[in-house]
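The following pair of complexes shares a single chain, chain A, combined with chain B in the former and chain C in the latter.
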Partner chain A sequence: MTSTTFHILLVEDDESLRHMYNIILKKEGFAVDFANDGMQGLGKAREGGYDLVLLDLMMPNLDGIGFLKGLKEEGPKKPLGPIIILSNAGYDTVAKEAISLGVTKFLMKADLLPQDLVREVNSYLDANKSEVKAKSPWKRGRPTE
Partner chain B sequence: MMHNTESDSLAEKLISLSEVTSLTSVGMSEKQLMALFASKLHELFSASAFALWTFDKDKRSIKLRYGHDLSEPLTSCCLAPVPVEQFPEVKLAIDSGAVWTTEDLNDAPLYDDQITRKLLTSMNVSAVMGVPLRALTNLIGALSFYYKTKQHFSPGEKALALAYANALALSLNNIDSYDRLAALEKTKGEVIHIVAHQFRTPIAILRGNVELLKDKKVVNDPETYGQIVSELEKVGDKLRTFVETFLNVKAIDEGNLQPKPKTVDANTLIQQVVRDMETYRQNHNIALTLTTLPDPAMISVDPMLVAEAFTNVVNNAIKYAKTKAHIEMKREGNEVVISVADDGVGIPQNEQQLIFHKMYRATNVARHPEASSGLGLYIAQRYINTSGGRVWFTSQGEGKGTTFYIAFPQQQ
Partner chain C sequence: MEGENSGTGITSLDNILSNRINNIGATLRQPITYMKQAVSLLMTGKLSQEEVDEIMPRMQKSTEELFTLVKEFERETTKNKFLVKTNPSNTKKP
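After this line comes the complex of A and B, so read on.
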């Protein structure tokens, strides 16, 4: 960890998983913000300012794919870090679609132990460190293809 | 007595027929099978065309399942069910269970029915033979052989036709059985996929929280520790419910459901269900209202099964409602009717007949985040029916909400 506090947006509708990921991430010193569904998540992501987004795929109101399409249509106001999908949907067409919409990585929830999640999150944040925001793949207004 | 030459020729034809049957194989399509049998039609019978008729559902009509060298008008007229009387050779073969030919009609007109006569005339038919089609002990339809020049049929030819029909029927039966097994195998695969998928989230919660409990920092923090233990309890309950559901479906499918009826007050039963779902309702932030009957509404049901059926229906109402759901009890005739209405996503018109099917999830909720096996309504319907009740629903379509109705005869 660096002295910078990284901000993570967790978009997950399952309350139990939200609790668990919150405990895991806070324990590591990350600042975690939540969204209970895709719509709420998209609102927060469009504001920007998160170093990393952990995104579920199957959610009410707006699912993960809808979230990603929404973000393509209208990008974040402030820089936004990479998006990692946490799903149990399997590496099927949905996963491919998510990747094509700019997702950095696809992780299977059932395979993910707390230390794995921390390692994955750190690998993105450490790699980019303070450059994360500067290297945001999501440009203001319309993101890059 | 047969002449030797005829008998020799028949023997050769029987060998030829056995060759056909030896070429049939598991997994062959119906089209391939019919083409195989049709390829021997002229050699075995000197017939110019043949038709395979199978019964429609009501058994009074027949449908053309396969035709070989039939005239176009005949083919196109009979793909939809036609009355069996329209084709006397089929009706007589089916009724008598024996081979029937136009010869047996003693020079009466070939067909009474004008339309059929016209259809057959278009093929220059001089004689017709009808052969019952029997798969094992089941009569599944009949074959019609159409001849252009032939007039007379020997008993040997009729026997050969029967052997041909039996071989064909048996092969068709095998193909059907194979297709059914293949469909079952596919369903089994889908069930395993759904079951596996349903277990993934609870497993993720279980593994993650257990791992967290290995961390001293977590254990020494009473609030976090308490939260984790409570999550583990919840996930345990969830897994238990999943397993129970699948075992219940197995019991239903195997006919092992043995209801234990008791006379109970439907008011009390539904109130209990609503109380038990309070946490679930709060989590979904749905306003749930209940109007019970002012006096006891006694019904004779297995209270455990019916409570579960109610739970499944109310659970769906809460899960899919936008803002509110309402449960109302009424008396209608000698029935106690419970309606469960929500203002949710509704059920698409073209999917409404599938809603009580096992593992079915309507397309507009297929991506709903909450784990669902597509078994809730299937189980609810079986439990309600087993207890002598009925369940149905009305939905004006997508986005217009759904109302489920459950009715039981009222006990005096």
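After this line comes the complex of A and C, so read on.
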């Protein structure tokens, strides 16, 4: 069986939510890598090679906006997929700033059920599949049925 | 003072209050998010026993965290008036 996997970077400081998203995303066949705060996440994102980044906003050491600014200053070495904000902070100004820094979408964590998260993730990965695959040295795609 | 009654002063106070409420909302939503998603996952019946065993104590922890946050919020906003000065012997049960 040929099996290639989408790689997702989850930048989230809440340990319980990391655990939850890990269960949800792994059940869908995604490979999930974690960062516990913005600083660690920025280091991983700068290495690149992720099909999608799920980014929290309120985090210690470096928050989501700091992460985005840092990534803008020094981009990833390998191709990096879209960045989706997953936050419980509902400030319009922060959402606008995040979008202006290149974020694809801003999602409120509390509004999402597991199936909503999977649908959102799949919609971005499917939409970017051909482009990401063409750019990336990594193998990507969904497990074949 | 003139500044305190000016439009700018009120706007500034509004902004502080608005930011404070936003922060409280964001903090309270965090454990609720976990509980909401955990219940939803549990209801699918697709979790292994090991995953269920991992999720249950985390749900309990999130519930306790939520209670603590509400308690802290009450204590901060009432300056301990209700939580400290209430005499239990004078408190009527609802």
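One rule holds for everything that comes next: the second predicted complex is superposed on the first by the 127 of 145 C-alpha atoms of A that agree within 3 Å, B and C clash if a C-alpha of one lies under 4 Å from a C-alpha of the other, contacts with A are read in each partner's own complex, and residues count from 1 in each chain.
Operating definition for what follows: a contact is a pair of C-beta atoms (placed from the backbone, for glycine too) under 8 Å apart; a residue touches a chain by one contact, two chains touch by 3 or more.
What you see is a predicted model; the values in this text were computed from it and never measured.
After superposition onto chain A, partners chain B and chain C are found to clash with each other.
Once the two complexes are overlaid on the shared chain, A:51 sits clear of chain B and of chain C alike.
Shared-chain residue A:60: touches chain B; no touch with chain C.
Comparing the two complexes, residues 14, 16-17, 19-20, 23-24, 27, 58, 88, 90, 108-110, 112-115 of chain A contact chain B in one case and chain C in the other. Taken in their complex, chain C has these residues touching chain A: 19, 22-23, 25-27, 29-30, 32-34, 36-38, 40-41, 44, 46-47, 51, 54-55, 58, 61-62. Across the interface of their complex, chain C is touched by residues 14, 16-17, 19-20, 23-24, 27, 58, 87-91, 108-110, 112-115 of chain A.
Contacts from chain B toward chain A in the complex involve residues 197, 200-201, 203-205, 207-209, 211-212, 215, 217-218, 224, 227-228, 231, 234-235, 283, 367-369. Within the complex, the chain A residues that touch chain B are 13-17, 19-20, 23-24, 27, 56, 58-60, 63, 88, 90, 108-110, 112-115.
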